[in-house]
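Got some structures for you, see below.
Look for chain A in each of the two complexes below; its partner is chain B in the first and chain C in the second.
This part shows the complex of A and B:
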């Protein structure tokens, strides 16, 4: 019960801070929009290519925009000097990590709620697009990014090149999930193929990396 | 009387550089202990180790009967560092409610009200921490330290950058806390506000106790 209350307190505080500053949300939104606009212009002459590349472009936009939020989660604690407050409290590291994961998940999903309709407009999404399926893939894919990203963001706190390390570690580890996100999105966008395999891969990935992140939280949040 | 806090042969190295060398001392319940020394003597490092914010390279530290770093030791300790540990975008009350949740306090709102009243910070509880003056911020930070009713209070330069009136107010708060039976370990380059309050003085010199 206590761990759940701690996680909820961390999540609520981070969401409240972001709602007041909107720093990460604005940076993420701007970056993601820029990617969509640039690629939609680049592919505009070829409707078929636009459709075939759509899933990849969408996840490139989400992935790089998410890096902004993931990097800020723990970096903000270090910059404001509040990390020490977390570390010297009796709260479990796993609960703190769960709360940070929750706030990152909400932040990235919030950006996607704005991004998906824009994607539909810029990429002329077909009328038969399965938006429920797209939302499911987006949720599972975002869960994977948030779970890994939160853990690696905490890990990079102990390094000098924090901003550089996060994408260098996060992106290679996330390759199976990214593959599933892109392929799953493509299936629901074009209506061709089966998404079940990719969904199962994403669910398995989410479970494994969420459990690993919580189990190893103590090691990355320990004091030096 | 058994000590509330005990350090035995505590050393801390940053790379090859020794900042603390085999420091041993104990602090009795209700004792106000002054920790002096020049800049770089290792005072902040020692307080951070006692607070569980830094690991000792060697030696043992206990608070009550709990080893440092354990949840029990953290519950027994309040630490006022150079930074307020309050997030500037949140109000003082929101910050304290957050820490009340981290410490799993049963009645968080009552604990926050009580801590704010204890340091006279009710007047700016609804203001964001980033908008506070240095004196207000220090009081709010002290309220955060007292929120979970610790038995040991660690104060690192509590009077730094404060005007005379606020120093005087903090001195009175410190006297009340000591009279209430709290053990306090304090470092400060300003010794006048502590006159008449200190039970014992320790002096660090290049990481060693003199």
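This part shows the complex of A and C:
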């Protein structure tokens, strides 16, 4: 099988598993919703908060939920023993990584589709919000989280404190991306400022770390 | 060399115009960063070398580089706020340079945590090496941060635009301090490298002993 076909097969399999059980989607969605609700209590969500920190609140919620999804991605493989099957197949590590990335991306984006309207309601998103722009930032930002997250979740498979290590390692590297996501969202939410700079930063970040992740996939996914 | 640098920093260099005596921290703050980044770059190169050759020497050098680099970065991150408080009025600012440097500190701390939390195997150095290469991307970005963005942190003094430059005696003090710090870093690196090599050999010997007892 060609690399692209392998990646596609891995992706489709994961999406199919998820579509049938929907457990991850529901868990993540609920988790993110809870974070939003807690934030709204903690900061008494009014129009002022949304204008000043709406982007940050939204992305913190997405980040927490994404960590749940990423952790499960490879963990389920290891638990069910399908990981060795993948590793010993002639599939290249990069193809497996790409497939996993794709399924994580779809999962997190799916959750965001549910979350964004809820966010708009609870946090009284202003009427001037540019939703097309929001969708773009959400996509690019999620790409960044999924790319690094998939890579680091593969890396943390063999460690003892997997749940601890993944956020510890993922968050520092993602800081430039998170900054861009939050600022970009803020621009589109409030209608003030220019988003071009943040979009370019996100695209550049996505490209660099996707390439790095694929190039170094061998190092984390090779056979024991 | 360190003692000479200390004298020079405290007495030899002339007092800076705007900031007064506190500016002398500059002679520790900047060389600490230079030493730290050099150590991290060595870590990155050693990690790449490990991924290519699987040489245990490269791995030992990588660990040494990360630990020594982190130590010097800690010095940098402590002297910075000490300097900032009287001059800017605040201990900390979330500008790009400071944020990226703090992020770097957390990154390499998590690298060392990864090594700690991964059980001893052939895997561990490989995972750590891959991680180190990811983190090494932060170093050039952090360096360029004060050029690319308008930050609270002072603009480049040595290699900056037309307004930069140091008085000769200050420059001498800085260079001496740089040399002292880099020498210290090199020495610590060497010591840690040797220690890691020894513990690698110890581990191997123990494994062989267990195997020969079993077989």
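Throughout what follows, the second predicted complex is superposed on the first by the 217 of 224 C-alpha atoms of A that agree within 3 Å, B and C clash if a C-alpha of one lies under 4 Å from a C-alpha of the other, contacts with A are read in each partner's own complex, and residues count from 1 in each chain.
Going forward, a contact is a pair of C-beta atoms (placed from the backbone, for glycine too) under 8 Å apart; a residue touches a chain by one contact, two chains touch by 3 or more.
Worth saying up front: this structure is predicted, and the values here are computed from it rather than measured.
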{"item": "Chain B versus chain C as contact partner of A:212, first or second or both or neither", "value": "second"}
{"item": "Touching partner for A:109 - first (chain B), second (chain C), both, neither", "value": "neither"}
{"item": "Touched partner set for A:20, first chain B, second chain C, both or neither", "value": "first"}
{"item": "Chain B versus chain C as contact partner of A:85, first or second or both or neither", "value": "first"}
{"item": "First, second, both or neither for A:220, with chain B first and chain C second", "value": "second"}
{"item": "Common interface positions of chain A, toward chain B and toward chain C", "value": "222, 224"}
{"item": "Touching residues on chain C, where the partner in the complex is chain A", "value": "51, 99-100, 103-104, 106-107, 110-111, 113-114, 117-119, 121-124, 126-127, 129-131, 133-135, 137-138, 141"}
{"item": "In the complex, chain A residues that touch chain B", "value": "2, 5-6, 8-9, 13, 16-17, 20-21, 80-82, 84-91, 222-224"}
{"item": "Contact set on chain B toward chain A in their complex", "value": "51-55, 69, 71-72, 74-75, 77, 79, 81, 83-90, 94, 98-99, 101-104, 144"}
{"item": "Residues of chain A that touch chain C when the two form their complex", "value": "148, 151-152, 155-156, 158-161, 164-165, 168-169, 171-173, 175-176, 208-209, 212, 216, 219-220, 222, 224"}
